[in-house]
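As written, the chains take the letters A, B, C and D, and residue 1 is the first residue of each chain.
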Amino acid sequence: MDAPAAIAARDLGRRFAGRWAVRGVTLEIPASQMVMIHGPNGSGKTTLLRVLSSAISPSQGEVRVHGVPAVEARRRIALLSHADGHYDELSGRDNLALAKELGKMPGSVDGVLDAVGLASRADDPVRAYSAGMRKRLAFARLLLKEADVVCLDEPYAALDPEGHALVDDVLRQLRARGATVLVSTHQVRRVAGLVDHAIRLENGHVAAQVPAAQVSPAALAAAPAGGDA
Amino acid sequence: MKHVWASGAAAVLLLSVGTYIGFFHAPVEQYMGITQKIMYVHVPTAWTALLAFTAAFVASVGWLWKRAWTWDYLLESTIEVGIVLGCLLSVQGALWAKPTWGVYWDWDPRLTSVAVMVLTYAGIAALRSFVDDPVKRATWSSVASALGYVNVIFVYLCVKWLRTLHQPQSSPSTVDPAMVLPLRINAFGMIFLAIFLVALRYRMARARRARELEA
Amino acid sequence: MPAGVLTGGEEFVAAAYIVSFVVLALFAGTMIWRARQEGAL
Amino acid sequence: MEIASQCLLVLQKELRHLWRARARATATATFALACLFLFSFAGGLDGDTLRDNAAGYLWVGLLLASTLALGESFRVETEHGALEALLLFPVHPVALFLGKALGNMLTLLAVGLAMVPFAVALFDAAPREGVPTLAACVLSGSAAIAAPGTMHSALASRARARDVLLPLLLFPLVLPCVVAATQATRLAITGDPMNQLGSWLSVTVAFAIVHWSLGALLFPLVVED
């Protein structure tokens, strides 16, 4: 019996009051695979990512990470979500130091600060950071954790061109480290070249699951030119 | 549905019989005179209000343990009925205290505890109205309800202690056996009425949740 | 315990019963009406 | 063990955050002092009533100020999704509760102790039972308010109309401990001939124990999504 899948979801569903944001999703992502999740706004990308990373619990079905229920495997999962999760009054460095101590994270604070280009502003309160800088700090915390399973929710959003290059670089680093990666994005053409598989979501259901090379031309064409709208 | 209407009918019957006996057959209490007759509606309301809040506590523990929607419907209905009965009890308490003590509110530990419970559960009803997600609404209001119910013991003790420093105990002590009958009839009457009200409100909660949760 | 502090006191007894049964009747009536409105009856 | 160490780290973060945002803490304390003034005018300015009511004014003022501090303590967590990030590290919810509740307790204690000298001056309420006893009353009262306060600010911070919801949920709940703390403080100020102060203090301690343990038990349910 080979190793259990990095992420295994069986008939997954999550509803908010009357609406099923995600329903009937069954997928299995082997370890060290990099998968892109794309689809129109409201197709359930963010909800699916938050359920798979155990940020929110499923209303139906179950998520297993490396054979263990996701909630118990949080130490091995890292999520970059829209909300950056920082404390405004603390400095960038303090936020990372807190995360490192609380989550017993292996990475080095100064190392990740350099990696995301925030070394010069590390000691200013996050309250003074721009949206792009807050996102870089969120990336720094993600790198600090060195998790086996990494979920990125629209990583390119709110970043300048250098930021986009940073995201590409992070994706390559994750590939080199053999992490299992899930990326939800609208940058379909750009990310298709960096991942192994692509899953297309349409109003809460998996519409297509193909190797990255065969992503449909329509989807590629649909990718917006600029950042993640 | 038949048994709900039956419970309502039983309530009306019992309350009328109990009140009739209480007024015309039970002896007039030697010390308190006529005002003691308020007891036949006041004490049953008190028991039923406490029963309703206890049912709300059971419902919240039920939801936190089993996460079955019936507990949430029960919580929603017992809160509403409990609040109305609690408010009614406070008004009755005032109408009883004025002729007996010359003041509308004499900080009787039991009455004050019920009044604080009404405030607590009114806060919980407000919480329920400000949370949109049904699951969170059920869980958070159950947590608040459990905390609020456990707290009532402290409220009773503190008020009772605070009062014994200032005023002697004010509740009637001896109850003439002839007075027990109307009291008990009315008590069952009020309980059946509460069951009728809770049952209706339960079905309303179920209908609302069905509309809220339909895909 | 003092006998009825205020002579009489009948009006308070009457008030207590009237208020109680009016409130309960109104509450029950509106409950039935609301239940019917929401299709729960 | 892990919960204890995480709890201390959360507390450390709370205190560092409070220090960095100390302007807000002083504003809360100033608000509490304004309450003291307000109540003394409301209650009448003659000496005896002021001294007798000093304890009540102190505690109601502290309770009103506590809603500001408690509301802020979870606005910080939910505004940018920090609470969710912590839970994903993972931080054990009980450690999160204990850390935040201790932080809130220390805030309330600081505001309470800051009010004491003003209360003593304004109401000529020099504590006959001595300052340590008065401080003990403020400490036990703050501890008793902090636990249910933290619970309900966690609830209210994620519901709508959070600023009205927190006091509405909290005040009926902390009523017994405010009654007990006020009585203990009043006896500390005006003298305690029949030494009842100890028993009133034990009521607040019992209240604190119940609500700290219930909080630790129920907090994970509040933060789960």
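Please note the rule applied: a contact is a pair of C-beta atoms (placed from the backbone, for glycine too) under 8 Å apart; a residue touches a chain by one contact, two chains touch by 3 or more.
The model shown is predicted, which means the values in this text are computed figures rather than measured ones.
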Which chain wins if you rank chains by how close their C-alpha centre is to the centre of all protein C-alpha atoms?
D
Measuring centre to centre with CA averages, how many angstrom lie between chain C and chain D?
40
Rounded Å distance between chain A and chain C, as computed from the means of their C-alpha atoms
60
Just the number, please: Cα centre separation of chain B and chain D in whole Å.
31
Where in chain B do residues touch two or more other chains at once?
132
Residues touching two or more other chains, restricted to chain D: which are they?
224-225
All touching chain pairs, where touch follows the definition stated at the start:
A-B, A-D, B-C, B-D
So, in the complex, the side of chain D touching chain B is made of residues 148, 151-152, 155-156, 158-161, 164-165, 168-169, 171-173, 175-177, 179-180, 183, 203, 206-207, 210-211, 214, 218, 221-222, 224-225
The chain A residues in contact with chain B across the complex are 15-20, 59
Residue numbers on chain A that touch chain D, as the complex places them
53-57, 74-75, 77-79, 81-90, 94, 98-99, 101-103, 105, 125, 134, 141, 145
In the complex, the residues of chain D that touch chain A are 6, 9-10, 13, 16-17, 20-21, 76, 79-82, 84-91, 224-225
Touching residues of chain C toward chain B in the complex: what are they?
1-6, 8-10, 12-13, 15-17, 19-21, 23-24, 27-28, 31-32, 34-35, 38-41
